[in-house]
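Encoded as structure tokens, here's the structure I'll be asking about.
Should a chain be cited, it is by its letter among A, B, C and D, assigned in written order, with residues numbered from 1 in that chain.
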Amino acid sequence: MNFSDHQIGIYAQGMFTDQRPQITTNLAELEAEAAESLSPEALGYIVASAGSGSTARANRDAFDAWRIAPRMMRSSAERDHSCTILGTESAAPLLIAPVGIQTLAHPDGELATVRAAAALGVPYVHSTQASHSFEEIAEGGGDAPRWYQLYWPTDESVLLSFLGRAKNSGFTTLVLTLDTTLLGWRPADLDRGYLPFLSNLGIENYLTDPAFQAGLEQSVEANPVAAAMHWAQMFPNPGLNWSQLAFLRENWDGPIVLKGICTVGDARLALDHGVDGIVVSNHGGRQIDGARASLDALPEIVDAVGEQMTVLFDSGVRTGADMAKALALGADAVLLGRPFLYGLALGGQAGVEHVLRCILAEFDLVTSLSGHTGAAELGRDSVVHA
Amino acid sequence: MNFSDHQIGIYAQGMFTDQRPQITTNLAELEAEAAESLSPEALGYIVASAGSGSTARANRDAFDAWRIAPRMMRSSAERDHSCTILGTESAAPLLIAPVGIQTLAHPDGELATVRAAAALGVPYVHSTQASHSFEEIAEGGGDAPRWYQLYWPTDESVLLSFLGRAKNSGFTTLVLTLDTTLLGWRPADLDRGYLPFLSNLGIENYLTDPAFQAGLEQSVEANPVAAAMHWAQMFPNPGLNWSQLAFLRENWDGPIVLKGICTVGDARLALDHGVDGIVVSNHGGRQIDGARASLDALPEIVDAVGEQMTVLFDSGVRTGADMAKALALGADAVLLGRPFLYGLALGGQAGVEHVLRCILAEFDLVTSLSGHTGAAELGRDSVVHA
Amino acid sequence: MNFSDHQIGIYAQGMFTDQRPQITTNLAELEAEAAESLSPEALGYIVASAGSGSTARANRDAFDAWRIAPRMMRSSAERDHSCTILGTESAAPLLIAPVGIQTLAHPDGELATVRAAAALGVPYVHSTQASHSFEEIAEGGGDAPRWYQLYWPTDESVLLSFLGRAKNSGFTTLVLTLDTTLLGWRPADLDRGYLPFLSNLGIENYLTDPAFQAGLEQSVEANPVAAAMHWAQMFPNPGLNWSQLAFLRENWDGPIVLKGICTVGDARLALDHGVDGIVVSNHGGRQIDGARASLDALPEIVDAVGEQMTVLFDSGVRTGADMAKALALGADAVLLGRPFLYGLALGGQAGVEHVLRCILAEFDLVTSLSGHTGAAELGRDSVVHA
Amino acid sequence: MNFSDHQIGIYAQGMFTDQRPQITTNLAELEAEAAESLSPEALGYIVASAGSGSTARANRDAFDAWRIAPRMMRSSAERDHSCTILGTESAAPLLIAPVGIQTLAHPDGELATVRAAAALGVPYVHSTQASHSFEEIAEGGGDAPRWYQLYWPTDESVLLSFLGRAKNSGFTTLVLTLDTTLLGWRPADLDRGYLPFLSNLGIENYLTDPAFQAGLEQSVEANPVAAAMHWAQMFPNPGLNWSQLAFLRENWDGPIVLKGICTVGDARLALDHGVDGIVVSNHGGRQIDGARASLDALPEIVDAVGEQMTVLFDSGVRTGADMAKALALGADAVLLGRPFLYGLALGGQAGVEHVLRCILAEFDLVTSLSGHTGAAELGRDSVVHA
């Protein structure tokens, strides 16, 4: 079965049973549709970007500037998009990006998301700032491949505890986020004075952590505010530096991926420091206003290190055609962020599945219609720059 | 008589008889005017493009980037735009593009269109997915030159039957569409769960086909749904490949044109495989979101194969000036799609004629005012890139 | 007195007498303000451009792409923008562009305009399609320098009569318009079936012409429609060609200027044919949709022929800064079209004067603030391309 | 303490005390928010730019074209943005731009602004056209470093008096504005006939000046109008030229900075004439419509003279990311104009402080998140051109 069979399924359901998709299939309109169902706080936290939103716009413009150059009559009836990413098998070169505090979008939060990932056979990346703990995901999340995204806490005991719990909960690959050692300037949240973590939302991994609790008990007041303040003391980590990677390697025996690389220089440093992969990303424009588009950085980074390490991509992927473009420019896989969250907001697990099915169906159609029998065939020749 | 005499006719009618055109003469506004008269389903099917609409926008942007560089005082009083395209004579280098299921726009459907083509003396290309059969067009369509556009059905008996019926019905040239071996991801239709073919609309060529009927009778249930399902089984053809062209040549003795070429590579392959012509086209942006503009591909394709084979063009032509630009960039003729359909929606045969007269009048004015005595004089020097 | 003294005058009047300008001083907003006071027919005829309006937009975009690079402390207290254009003295390198049928904008029509030109000391160019005859302008128009714009009628007796009357009425320079041998495709007029000339508006030069009347009397019916039809037979002249210029030279002893040049090729031909000057112009976007911006053609034309002949410019000039840019790119003077017409619509002669004073005041400020003591100092170094 | 601690302060206040910022933290939205609280006259004077606003738009577009290329894991926990600008110490490379007549925005005018500057530890530049005199600022303005911006009056006695009073009032550095020897063409003011100086607003430095008063008493009528007229006679100074700088050097013993440089040529002349610094600026687009973006001129000017003199920048800075870009392109510091004025309009001194705190917080976050431990580390490698 090809992903695009979802398309004919929608048509058949519409014409023969009069049922229509409850969520739009127009992936470019998903944000607007989701915005109507989100609270102002959730809307501000999820949709809005850093500063004036310039980076998020640049991400989209960069996708618009690369155009697919389709080839005809290449016999793409049989298609296989499955792949192995750092040892993790996936039905397609797509992973669920790490996104914190998903209960803002829907009460089921990350549990709905990981179950949808399992249904589609794609890896789920668990955020350090999730609303559900490692163990909850492991127990209730089904058999989706699980990776763990780390915000490096400045409390080493908590760091080690996180790594241990992640490993014990079946998270195989570690994704260290580099670009959020401080939170970006986010006016939508600032204008509301809204930082959900300070209400103990999205810090479930911490609250359930023995080392965090141990540290907390040493503080004067062990109340909810104290927990938030304890978190607030260990989350910011602007002192993070390359020399610390050795410590991580000593304490994690699976693949290590660095997320947030935007320059060839840092890609080369990552290679020099022996990590297994990188994610070319500007955090979806949520950290630095006026930053370069993630996609603009991708080709030169792939040229520099693509043959020697795994290069993943995120920031700005909205459609199956976007996914095809990023892969054509050399990404080994893409991480999907906001779109799945919009699906979550609109329909919980079913909503996430809807979005994943739509994006993969369009991806399948686009790759086939442009002459490829699978994601692996996409290459620099598949696109032109406008 | 020059095409532009239509202009002075409109003025004379307005000033002396107080009658104004019932349909706008502003070809750039035609879509908006037609949109008001179409049902939501027809609107979604006809106007909307694949995915986010990025390819359709790119088509238009590409026209905007090429600018006419008019020459003065070249004595263009006598003008002749007539031409012979692969042996077919036409009053101008313009053909009616193959568009399926035209009864969505107007009850008279393709019959109105082909009659309008006859009135103007331009060729009509009949879609495999038309609302009227080959024979109906042949009988009721007047003397317009007739070409046949083929979606290659996977049932070989139906394919051969189609070719035979087309030939018997006076269709002289075969246009094989390459870019729609699967339907593109079209949210406007998907959100409505609307695929008209599943209601047996736009499959009249099949329903009237002996081979199709024979196959249908072998199915368990011979009811309307069964016909639609039978169609749905033979329409998708992603396995289509270059080696199959020999079979087509054996079974069609007229010119063969490949429609949907977007790259020099495929244009060269078409030449190597001995076809008579190609249509540089991205299906008006209806198949792949994020594809390159058709017009951006035209010059390099003309440079590569233009002297050795007929190069036609479609995707994005809205005005007479657009037509002039495509011809200047080397197209031997253009296919006009949505605009004539908007005319059909707004006024049936008269509406199609209105649009054709307007576009040809503007084309005549533009070519004359820019110093050409006919379409054939348009060349690379007639335009500059902005 | 410098033109910019108008600025301090407006401020003084506002602050000390509480009187404000009755027409906006924002030259970019003039069109919108004028649009409110024009009838739909006049609005369509005056403001709208050919086809989709793409050429008019390109004209504006081209101005936006060139940027003034101001120089400081160049001591520009004393400024002189006066100049001599083909022997005609002007207070500034600006002429009133030939615009037909100005009574559409205001009952006083061209008489108001020519009087305003006289008040400002700039030349007025009289359109063949004016609402007032040569003689009326000569008698009632004051002492503005007068040029005559010719649409070459196909009736040679009328042509010769026009030339003679113009000369007798004190029009010193002949401007032959090349780009309107046919009217462009103008949907705003076509949709209204509105061509004012067919109501005998804007053909006053013809109606008062002995040769025209003589021809008319030979027609079957000598009624108003007959006059319009007689005009309609001699106005279109797509057969116009370079060989005819010799005839013009024989029958006109003043300078001859060709208006509508958009390419280096035609500029060189103009030079070869011994004309005295050219106007780089695309008729304000009113003739060919999708044509190149007039300003984009200017620098290369100036490079090719600027040292050997007078190069004037029009199409897209809206502000004093625009005027400065065109002069910096090598134009010897600019022709101002629509803006003065908007002033005419909003206030008759006073309105035209207002627009001229504003544009010249801004021009004076811009040239001074960018380091020039007069229009003649503007050069290629005064601008950069963005 | 880092500037970005302001961010966590806003969040803590919001979450723990339910108090939100009274003025938006979205620096890109500040103008719209301020516009609602300004009178039409103040709005027109403060927000609007010269002519069509093209220069102001170009300033913003230029910032959009340069993109930050962030580096990761560079250990930026300790950050220091303090700097010394021509001997003046500042907490960050940011100065309060000279803006006249600030009482238009808020009754407290420049006094509120200079106190806010003091609170943040950044220099305040006093406009010649201020609503408060040198002495008022010195007495009531706290300990902000004070610079003085000079519009060179054509009355030498007033000039010398201004220089003396400024020096006596503790203004250490002189900023001579070059680009406003005449006021630009400002339609928003002209349409209202509004020039506040003619009502004796914004000429407090003059009204309190002995030399000005002495000159005034010699005029026929010593009434308010006479004062305005006396000002109007000495303000315009289009004769300003390079040879006059020697006089300034003789009569000012502190650093001299030239403001309004837009070309390499003028930057080199400034260097040749021995000034201490320049401000690359187009006066925020308020003087010449259609001028080049200030930021587009910056890199080439820095390349030409940056190693030999201080290069400051203004025009278009709205956010902390903008500030980072200008510094990365070689500016030694930026002057902030309209944004602080919007803060002033919205909240007096507290409003200015709010804007300064927000912009510096975002600047601190952006520089840290992009891998810098302080403003001084920003360089050409920190950005890429899109």
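The definition used in the following text is that contacts are C-beta pairs under 8 Å (C-beta built on N, C-alpha and C of every residue); 3 or more make two chains touch, one makes a residue touch a chain.
Being a predicted model, the structure only gives us computed values, none of them experimental.
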Set of chains whose contacts include both chain D and chain A: none
When each step joins two chains that touch, the fewest steps from chain A to chain C total 2
Please work out the Cα centroid separation of chain B and chain D, and write it as a whole number of Å. 59
With chain centres taken as the means of their Cα atoms, state the distance from chain B to chain C in Å. 42
Do you know which chain B residues sit against two or more other chains? none
Under the touch definition given earlier, write down the residues of chain B that touch chain C in their complex. 4, 7-8, 10-16, 18-21, 24-29, 63-64, 66-77, 79, 318-322, 324-325, 358, 361-362, 365-366, 368-370, 384, 386
Using the touch definition up top, name the residues of chain B that touch chain A in the complex. 51-54, 58, 178-185, 187-195, 198-199, 225, 228, 232, 237-242, 244, 258, 260-263, 265-266, 269, 282, 287-293, 296-297
